[in-house]
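Chains: A, B and C, in written order; residue numbering restarts at 1 for each.
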């Protein structure tokens, strides 16, 4: 009986890999031909995206995705982790019972709401005080940071809470201050959980489409500052997929392939970083 | 430290104020069908569509995800197989929503013939939230001290009994966090839903009907500039729905934890 | 624990109820132009009030999606707001059901109030890059456009751009509403949206001296307008034909006029 259950669970576990394989199959099937036709380096590093002229260079979008993702992590991770630490260790219980659900509530607000509010409130503020079109990397990073905050905070809080009490008590007994305990004992111990949250958040940031379309301006050029407008890989696919045919459609699927590898590289790098600190 | 959380609090307050400040909701709004391109009437079909789609998505992803997490954490040691599975999960977590939308469209709407329907939407959403649930569930299971497992095993339980009676109850709050995150994600996802469930305004009468969710409704209202008031009202209803779901889930959790403490 | 099981059972039962009924096969699906989608929904709503058993679904996606879904059969009627239909659409029956004007809009704070054809083309292609060249403030012009697959965009390209390319640093939004928001909040921006969506937050510029309103479109003096096509396969089902006839009826056309479009009769 136990063997049977074990096999059943194995099947379940393989399901996600199976789904991934299916998705990969569809995307690679559609996208590989154009990459071969166009040449991989030309596709990845070409700076001109003009599908109606047969030009498929996605370099500006790669830069766009990178800038926006790292911008959001730069803002979101410190904020999220410190917020999680505060809520898990220092905040009075009453506040936590209100704030933690409140943070999880933020996760449910549609990305399109954030995008729209960003267009209405954030972009004008950026434009009036910092210059540029307002619809920019900065705006997109801010909005994405708020969007991935719940994931990072939620998972980090659980990770910190899961550390056995004796870690903390032992450290305090040895004379460390609360702050030292947190920084040197608890955070490293919770590291795998926190990194899991950050990876989930990063995946969310790279894959976000609707909000980014609304707020990043979608210009097809390489940005020169965080106040410039960009187009991300996901935005490009979403905007043009509805009507692309032939080579153009294949090129969009090829963009999907690039996104795939993007994620895989980011994930492996993050996991390596997580493991090395020991 | 407190300043950071104060900043966080400020963000949340802004979020809530903005959301609440846009309510032009009346009770009629919640119970009437969508009329006049969304300018009048209510959003009942969208509410029903949202609930159905989330039920399908979570109904599939939660058991599958928790089962996967149990397997990864309790039944195996780290090896080639688990690494492959984890790799799959991590990558799936990063697949952009637009690709889930395309995948769902090709597989469920066209190939399997479900058409633009709640079923197609729910299945695609399930694939999307699966990694979140697996990841958080696994973390929760791993955090259970090994003493729990050892004691149960030493009392002669099979692996499955050890898991269900000792480990799972302890890990339940963490698992629930993952499920809640998954629910939140399904409710607010727009791109996937538009591609797979379409955006019909009528009340869905079957899982094979096209329907729109509240976030799709908001998107269409706001995007085409039809009615900003109704758009924000929809957003407010959406947030309240999530609030209700979260509160229910949390009270369940508290009850479970209280039960556990006395055990 | 029992409560959770109860809840789960209730949820499963509800799902069962829904799963066991298949949607009626008398559904008509329309797909395509996002600009016309809300109007189509309104017409469908009226139609279904008097034809209860008929179910009509309206999806969006853009005019190009309208063409493709009509061709592939995933929609019975494809909606396209294009000036010129692409050649693959020539095998379909195209019926004009309404006309819609395109207004070039700027922020209300902008003093520029008229653009000639050449000026508009130069602004959108980037040749004129500062408002002072047109008599406005000394600020660089920010061009906001629709995406490639939009009927509004393609019509604009044909009518105004005359095959000139859009400015390299143009921003893109994928709907009329968001272009309107963007232009309403940015004093240096310029964009284009349906005339029916112009409200007090943006100002439409007159084109070649002609104000952008439906009256002038009907008179023919305002040139920026495009037809809205319903694309159907030659073998049209009787249900779809009935709906098509309804859309062309006086009652439906009056509704469209009231909402800001232009009737075809």
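Keep in mind that, in the parts below, a residue touches a chain if its C-beta (ideal position, glycine included) is under 8 Å from a C-beta of that chain, and two chains touch if they have at least 3 such contacts.
None of the values given here were measured: they were computed from a predicted structure.
Arrangement of the chains shown, judged by which pairs touch: all-to-all, with no pair of chains left without contact. A centroid comparison over C-alpha atoms places C as the chain most distant from chain B.
Chain centres here are Cα averages; for chain A and chain C they lie 32 Å apart. Chain A and chain B have Cα centroids lying 17 Å from one another. Touching two or more other chains at once are residues 116, 238 of chain A. Among the residues of chain C, those in touch with two or more other chains are 174, 178, 181.
Within chain B, the positions touching two or more other chains are listed as 222-223.
Chain contact summary for the complex, chain B toward chain A: residues 1-2, 4-5, 7-9, 11-12, 15-16, 18-19, 63-64, 67-68, 70-72, 75, 84-85, 87-100, 102-103, 106-107, 127, 130-132, 134-136, 139-140, 143, 145, 158-160, 173-174, 177, 180-181, 183-185, 187-191, 214-215, 218-219, 222-223, 231, 235, 238-239, 241-243, 246-247, 250. Residue ranges on chain C touching chain B, taken from their complex, read 1, 3-4, 11-12, 14-15, 18-23, 29, 34-35, 37-39, 41-42, 44-45, 48, 55, 57-60, 74, 174-178, 180-181, 197, 199, 259.
Within the complex formed with chain C, the chain A residues making contact are 51-52, 116, 119-120, 123-124, 127, 133-135, 213-214, 217-221, 229, 231, 238-240, 242-245. Partner chain B is touched in their complex by these residues of chain A: 1-2, 5-6, 8-10, 12-23, 26-27, 78-79, 82-83, 85-87, 90-91, 99, 101-113, 116-117, 146, 149-151, 153-155, 158-159, 162, 164, 179, 192-193, 196, 199-200, 202-203, 206-210, 233-234, 237-238, 241, 256, 259-260, 262-264, 266-267, 271. Within the complex formed with chain C, the residues of chain B that make contact are 35-38, 52, 55-56, 59, 109-110, 116-119, 194, 198-202, 204-210, 220, 222-226, 252, 255-256, 259.
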